[in-house]
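Next, two complexes with chain A in common: one pairs it with chain B, the other with chain C.
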Partner chain A sequence: MRFVRGLSYRASAIAGVATQFFFGLVFVMVFQAFARSGGDSIRAGLDNTQIASYVWLQQAFLALIMMWYRDRELLSTIASGDAAYELCRPVDAYFFWYARLLAGRLAGAALRCLPILAVAALLPEPYRLCAPPSLASGLCFVLCMALGVFLIVAITIFAYILTVLTLSPTAPFIFLTPVYEFAAGMVIPLPFMPDALQKILYYLPFRLCVDLPLRMYSGAIAAVDAPGLLLRQAIWIVLLVPLGRLALNRALRGAQAVGG
Partner chain B sequence: MPFSTLAGVWLLFTRFGDLAGWTAPEALLCYGVTNCAFALSELMARGFDSFPSVLSNGEFDRVLVRPRSLVLQVLGARLDLSRFGRLAVGFVILGWAVSGLAIKWSFLKAATVFLMVACGALLFTGIFVLGAAFAFVTTDGLELVNVFTDGGREMAQYPMTIYERPMRFVFTFLIPFACVNYLPLMFVLGKGGSPFAALLPLVGAVFVVPCLAVWKAGVRRYVSTGS
Partner chain C sequence: MITVDNLRKSYLARRRSSGPGQALLSLVKPNRERIEALKGVSFSIEEGEVVGYIGPNGAGKSTTIKIMCGILEPDSGACLIKGRVPWKDRKTHVAGIGVVFGQRSQLWWDVPVLDSFELLRDIYKVPGKDYAESLEELVAALDLSSFLDMPARSLSLGQRMRCEMAASLLHRPDLLFLDEPTIGLDAVSKLAVRAFIERMNRERGVTVILTTHDVHDIEALAKRVILIGKGEILYDGAFDALMSRARDPSSASALQSEAPRASLNLEEAMAAVYGEMGIA
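Moving on to the complex of A and B:
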């Protein structure tokens, strides 16, 4: 009985990976089919290999780059009023939460990314996850991804700050997630969007978390452009972190411990 | 959530014009049929989806002693009204697709679309039931079923032609998704399917039968769980 249970526990982890893998396969085929029927003139940006690597990296690092990663424990602490204890701790609440969310994301991705990447690299040709075209692209991908993760935590922490204000652990996520997912390129890659829309989204920070690293990997964004884009990521982080810290401290000052 | 996905699909069509020879309204019909079917199935068969928890907390013993049909009880355990929203979205897409199509409708074609939605819902229900049946073995839910429920919905939203042969094979003969949307759609859209394709959705309805049989076999060898 214990054996079966243990097995089914492991099975559910495998099943999670299998589900993501299947979704990835469907997305690759759908996007490639669209790109094929569009013809070369408007294909703009991504060829088949680039589509494949975009989708596979997205699935593999989903825990790092999606909005819908929620620290249930933290949210329930906020909703139940236990967050009051946190304030007594001699640490900065913002950086404490920040580190916590960052760690949670890293742990989630560490578990899932390797099996997906390994299998995706073994697929037959148009669907295969290829190596980056150059060492520079690969290196820039790692850098963009790293800064991107710092940025997305700085963005998502605002949802937690909203939770402090509204005491609803779901509402901020329900409203923010579609916006983020769409603007970041989680739903469809940015190059597949109309040009006018792309221009607007390029001004927002969201695409720097997903679109930038995923396209950097396959060389769809040239490695030469990396320094400027990395700088942009850094600027957003430097901007959003103090802003978030200010907002959180404001929110916590106004918050009254609820619950008995 | 579905709105951002829908917007994504719409943008893909504005960018690329068509999908493997299917125009936007044609592909949207496929999209709408699948989403309606899935929403209907979720609306009705949610009880089977949450069945593992019923099993693991011992609730199922109480279900067993009641002198009513087991399937009916499990089905009725959770009528998830919030799913009406999803169903509404599905019907809006369907209406949008139909209004954009330039084909001549006949009674047979309309009936086929109706049959596709109904049988598609039964097909998804079949998968939910099969997933519930696995719970007899593992007690915990088997997440792998998600590949075929959520994954199946994602896949069946688009015309089957865009997928590779092995995948088409699996989803035509093993789990007959193609029979409830792609093949009959060929007929409805006048893409060269024979009128017999109008009857193909029934295969999806038949799919439920072995699934229920497996579940009932699970009930027979069921030994109570719980603390």
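Moving on to the complex of A and C:
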């Protein structure tokens, strides 16, 4: 249902595609200029053509991997104190919300990825999206991306659980987004952080959703290393889902729907 | 069918005077007050009854309804609905009841109403044939056919409320909780909704618990009312008797209006009752 609704927002999709295409182009050009001027260090193991692919994939699948996806309707329901009413239906609230958030992301990506990928594949070298170096890489990318999406929903659903407790639709996101972005290496790439910090962040799940699938595509992470990392993603999912479910049920039972 | 015994529930509410100084103080030392929403509520309702659950704002009506729906757990006391404890067997319990909360929609806002219905069918696991039959019946009874394919946000309030009523009955529950079902509706829609509720009760034997401030709804639908005020049940009996009591010329309670007691209209009579019971 959420998927169908997401698909119905045409204007938003068109605007989104245009925005992301623009950003993709800019990012690629910036990185290319940087590479040409000799800036080795930032590339973290990707060469010219790989950078372009990385950026384009990132843009095309942004809805799937970005942290700050907010389901506004759900948030306003929670903020108005009506979250408890979700329990009026014979469904498990956690899985209902999980499915809803997942579908919202999928709809966002489904609408936008094809146009962006299609055009990106047709651009002249070195700006264009290239095919993965091997079938194995391509497959790893798909699996990693899929698990990454499940993982990111399992992580971000905690923001919604916090919203149930605080009744603020913005505070949990304001708090969690920088934490996530920092831990995922989006502020400073992970290889640049102090060793001790790196070790800690290495074990947290954040980096496994954003950066990993994209690097698998370009082969920067060899296909042979993939199973270990995929397993890591799966383990985190298995840990976070029951935890989230427990937390949400506790929060909803305590949440006092306002009024007399 | 429903037995409620000595329910108690209290909330913690924060108190704070206005001003930035107080705001800062409350960060360090929050001033919380315990508000008793329910102080020992007891009643029982038989199958097939239509009961009006009335009382002034803040009396504890919504709290009781939430407990009966299974979404809130009382501090103490018992509640059995069809032999189940609502908050303990939540999913089974909720699968057999229908709810319409007038100020909250259970339809999805921007997809056609029919899509919402189909999702509810899946949520409540209604078998295909039963769903088709229910849908046909409800669409005919509430005259929904002309806007089933429109998103809820494009409907007028009257149309939306009729869709909500249909949505609450798709899975053929035998118990219906209606919280302000006619709020904001025009005269024609109100009559249509009332007629529909009466018909559901008469033809299908659906037990209805109606919470409303509209005394005309009560008069039209509920022979029995349970009046709650300040967390306590103050009256449980025939609505007519309650109104007669208010209109009794020998009654000593204060009146809001200048009109002679015997000719009080429904609202005035209700206000007189609240006044007499000290809960106005």
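Worth pointing out:
Rule of thumb we're sticking to: the second predicted complex is superposed on the first by the 216 of 260 C-alpha atoms of A that agree within 3 Å, B and C clash if a C-alpha of one lies under 4 Å from a C-alpha of the other, contacts with A are read in each partner's own complex, and residues count from 1 in each chain.
Here, a contact is a pair of C-beta atoms (placed from the backbone, for glycine too) under 8 Å apart; a residue touches a chain by one contact, two chains touch by 3 or more.
Remember, it's a predicted structure, so these values are computed and weren't measured experimentally.
Annotation for chain A, partner touching more residues between chain B and chain C: B. In the superposed model, A:250 lies in contact with neither chain B nor chain C.
Touch criterion met: A:178 reaches chain B, while chain C stays clear of it.
Once chain A of one complex is fitted onto chain A of the other, the partner contacts of A:91 are limited to chain C, with no touch recorded for chain B. Once the two complexes are overlaid on the shared chain, A:16 sits against chain B while remaining clear of chain C.
In the superposition on chain A, no contact is made by A:199 with either chain B or chain C. Contacts of A:82 after superposition on the shared chain: chain C is touched, whereas chain B is not.
Common to the chain B-facing and chain C-facing surfaces of chain A are residues 4-5, 8. Contact residues of chain A toward chain B in the complex are 4-5, 7-9, 11-12, 14-16, 18-19, 22-23, 25-26, 29-30, 32-38, 42, 177-179, 181-182, 187-188, 192-194, 197. Interface residues of chain C, counted against chain A in their complex, comprise 11, 37, 57-63, 66, 69-73, 90-92, 94-95, 99, 101, 104, 106, 108-111, 115-116, 119, 123-125.
The residues of chain A lying in touch with chain C in their complex are 1, 4-5, 8, 73, 82, 84-85, 87-92, 252-253, 256-257, 259-260.
Chain contact summary for the complex, chain B toward chain A: residues 1, 3-5, 7-8, 11-12, 14-21, 137-144, 146-147, 150-151, 154-155, 158, 162-164, 167.
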